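Below you'll find a set of structures to go through.
Next, two complexes with subunit A in common: one pairs it with subunit B, the other with subunit C.
Entry: the complex of A and B
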């Protein structure tokens, strides 16, 4: 017990105290300059009843998370199944896929900003070249219909490699005998995947989905670097909204309330996912 | 709390002071026609152009006979001869600002300061302007080593004042004797000087004079001419206005022009204040009128293709490369353009964007910003270093080095801009009737100004005016009530 005290002290100082402090701040009206005023639960009731922007951004974030979770999980599982064996080629490809993860998120954002540039970007230029697009091209980040999804694609590109590594580690735990037995029984590759890989990969999938969901709900850097939430809040997500509420609008108490709700929602969603993907670890 | 700068807005005269005074009273600059050698009493061609802010500087103005001649610039702002720089104690402080593009020039000035005063060190801490607007208050209030910093005019300066971070500089001789007095307004509260606006910006469109001359285009002086020019430029295969619609801060610069002639100044002030405080909606006739003019510009082809995805990285690049005829953000963008293409030196001129076919109330926009202040929460020693550093920046040779090196006009007197042809060529705007940038009348940046500027950008992008303004009004009101 005593051995855990140093870690607990650090945890308390770095996580517990800020969290409790944030919870306390959420009960105040505070502009970050003048002394805060205690207003009870008013920030929360206002959020629930009077803040259309929060609801819009929440919707954005849910759509963002759905796209990222589905695509990132699918791609990473797909790539992992192809990169399972430890050959020189697969190890090299794992490194290649993992490479974007080590880049600075702002750099990634800026690179994709150029790729998505509607007038000079590579994506539109390539699409026009092969006849898939006409002038003036798709305004990926400047059009509210596409901006959020364009950033989601970038997020998937950025983090899929990380999830591939997790999946590879998980899939390598599946006993080879199962596949050998299936092959003896004449099972096709698809049947092997459906009956062996997928059920056996569920614990890993649960981790990947939970991690990706949390990652999607705390997305900030890519959004900030690429659109700053625009156009007209079309790509705003909860953390950029919270940031702007605190630092551009100087409503620190209200921003604290928004962040408390964010934490509650992420906990709730993660719990629901765990229930949905309930996995038998042996002791349930 | 309302600053003097804020209150000054209530007076139409303040705008005139900040313009004509900032321009004529002290002004800088130069020679629009390089073949024309400014000589006292001789004829000149470009009204308002001046050679600098010295007692010997000349300005092209009408004489009593109505002819344009070179006359003496009136340095009406100073109380006495400029004060010398103060001597700092030894120590190290931080200088917080947002001008990354000025880093090299400022470092050169800091190096000289440090060489002159061994044992004293100044470290630059630079953020992007967007981050600075959002984070500077939080960071500086928690960092007493940030002994000298700048603020933006309006909401940010007011917040720093409310937070008690601004040391009273009223008694400093250099504050009263080295700056254009009219430019001090944005840093003054109830008659006390808490900040010294270092830059005199002109947030008006910069145009490629060579391209205009080659194609026979005339600078527009009315709204109809502006729209017609857009069609002409577009038909010639160029982008008329390299307007960075993907970058709210710079995209919003043209809002100043739309506001300045939308109504008499008193009405503009009232309308903006009413929106800023939630008494009025964006759906009122005044703002709807502005939104419709944005739409007219879009319909006339004034903006680049996919304007809402057009960033402030691409905009100056297109202008510098000769793909766009006009870069509509202001003089502060000139240095970026010449860095991208040095051949643009000497080719840029400026004009006021006039959004009316009637007689305009104002002919252009100015802004006194980059407001230098001393951190009231810094130690006494650090405050002395900060104070000495500002006094050093406020000496004419140093201010001139900054101005020429960064292509920024400054608010310091006795500065000569003749070493920078772009500053010279944009000096004629100072002879016009200018208004202090009115978009900063929206003091609630996050809740109001950002939102309404986003709405205007969306309208340029094709969004329905009524629906966009209605939806945004609701968001603004809810934000104000939170």
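Entry: the complex of A and C
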């Protein structure tokens, strides 16, 4: 047990203790300079009843998560069914698809800043060329109606390859005899997908969906690099809001309360995923 | 046939969607801004390294590159050492304390590290660990210990007990068994975990953004954020900086694809 001591010391001092002190700080009014003042649950009641910005950002984050989860999960499942067999081509394609995962979010954000640029960005240039768009083009990141979704698309580009790999590993566990039997019975590809692939891949889907949802609620880097939450908080997500509440508005206590809510949400998602797996598969 | 051709179309389309933005960056490092804006995908008219020269002459990229290397390598090295020791202790423990310890570490998997920014900031200002690379290393270690211990202890549990018992009958102490039996056996797992950790540390933005304000201590992602403001309309500079910041990862990826994919995926599934 002594061998676990150094790890545990650092971990409890710089992970457990901060997490617990967050709970405590969330009951304070505190600007980071003057001593904190205890105000009970007032931060939370204010968050729930009076804070339109928080509700807006929460809504943003939920929409962001929905778009990313739906697109990323369906794309990665689709490509994984295509890339199931291990041949030279499929392995090569998996390596290509996975590539963005190794880049930093900041790099990815800056690359897409170029693609989304209203004047010379690749997306608008292509759309104008085929006549889908007129001058002046859509300002993807500068227009509050699109900014959040534009970042969500970037996130999908960024991590679909990683999910493809996870799905391929999951789908390769499905016994090939099932497909052979279905083939003999004359089942179509769609029927095979519906009655074999989809139900057998559900545990993997639970993992992918939970992971992607939690990633979406932890999102910070991409948003910070691309829009910093703008315009008018249209693309703000929870972590960018917490960051700004603490380090731009200096409301440390209030930001701690927001953090506590984020933790509760993430724990809830984790619990839901575990429960789904247990109920359906008796997995512990 | 319809299935086959739509499958090939979709697979090719997505490969292009991944590769085109990356090629724009690589080609862009050789181009002028005007060329990037007018013909982003064409080959450069003149292959010059002017962009690299401008960027390196301004001197801004070398220090953050060095800082990123120092922070990432020391974080990964120390985390792997501490995590493998702890994972070994947990995997071999027969008492309840091992289970409790494991539970406490897995708590860190459930609580997103991002929510600790405020307490860490306050603590680090008090300890004068802000604006310090050591501070960043400490944060990285704390943030990545839970996942590393989780992956490695699963691996240690799979190793056969008899082997450890044989070693201890031969008179080897815990430390000796750890060093001479456990560590050599788990080298592949350590490699994959190490790569996973390296990607996290190399690319992290949130904690450096909060803790580092001195220019001489900035890491690559921070300097890219600065460049975003400074070279807002000069994508030739931004692309060159992105290229330089990504090149270590890309080279490692080309050499160790398998460990990369295994490490990052294991981290994702278990986290």
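What we mean here is this: the second predicted complex is superposed on the first by the 256 of 284 C-alpha atoms of A that agree within 3 Å, B and C clash if a C-alpha of one lies under 4 Å from a C-alpha of the other, contacts with A are read in each partner's own complex, and residues count from 1 in each chain.
Quick note on the criterion: a contact is a pair of C-beta atoms (placed from the backbone, for glycine too) under 8 Å apart; a residue touches a chain by one contact, two chains touch by 3 or more.
Note that the structure is a prediction, hence the values are computed from the model and not measured.
With the C-alpha superposition on subunit A as described, subunit C and subunit B clash in the combined arrangement.
Once the two complexes are laid over each other on the shared chain, residue contacts for A:137 go to subunit B alone; subunit C is not touched.
By the touch criterion stated above, A:184 is placed in contact with neither subunit B nor subunit C.
When the two complexes are overlaid on their common chain A, residue A:19 makes contact with subunit C while staying clear of subunit B.
In the superposition on chain A, A:32 makes contact with both subunit B and subunit C.
When the two structures are aligned on the shared chain, A:247 is found in touch with subunit B and with subunit C.
Comparing subunit C and subunit B on the residues of subunit A they touch gives the larger count to C. Judged by the touch definition given at the top, the superposed model places A:211 against subunit C, while subunit B stays out of reach. Applying the stated contact rule after C-alpha superposition, one finds that A:176 touches neither subunit B nor subunit C.
Residue contacts after overlaying the shared chain place A:120 against subunit B and subunit C alike. Shared contact residues of subunit A with subunit B and subunit C: 32, 113, 119-120, 243, 247. If you check the complex, the residues on subunit B that touch subunit A are 130, 133-135, 137-138, 159, 162-163, 245-246, 248, 304-311, 314, 444-447, 450, 454-455, 457-458, 461, 463, 468, 472, 474-475, 478-479, 481-482. Across the complex, subunit A meets subunit C through its residues 1-4, 6-8, 10-19, 21-22, 25, 32, 75, 78-79, 82-83, 93-107, 110-115, 119-120, 122, 125, 157, 160-162, 165-166, 169, 189, 207, 211, 214, 217-218, 220-221, 224-225, 239, 242-243, 246-247, 252, 255-256, 259-260, 262-263, 266-267, 270. Contact residues on subunit A toward subunit B in their complex (touch as defined above): 32-34, 43, 46, 50-53, 113, 116-120, 135-137, 139-144, 227-228, 230-233, 243-245, 247-251, 254. If you check the complex, the residues on subunit C that touch subunit A are 3, 7, 10-11, 14-15, 17-22, 24-25, 36-38, 40-41, 82-83, 85-86, 88-90, 93, 97-98, 101, 104-105, 107-108, 110-123, 138-139, 141-143, 145-146, 149, 174-175, 178, 199, 202-203, 205-206, 209-210, 220-221, 224-225, 228, 235, 238-239, 242, 245-246, 249-250, 252-253, 257, 260-261, 264-265, 268-269, 271.
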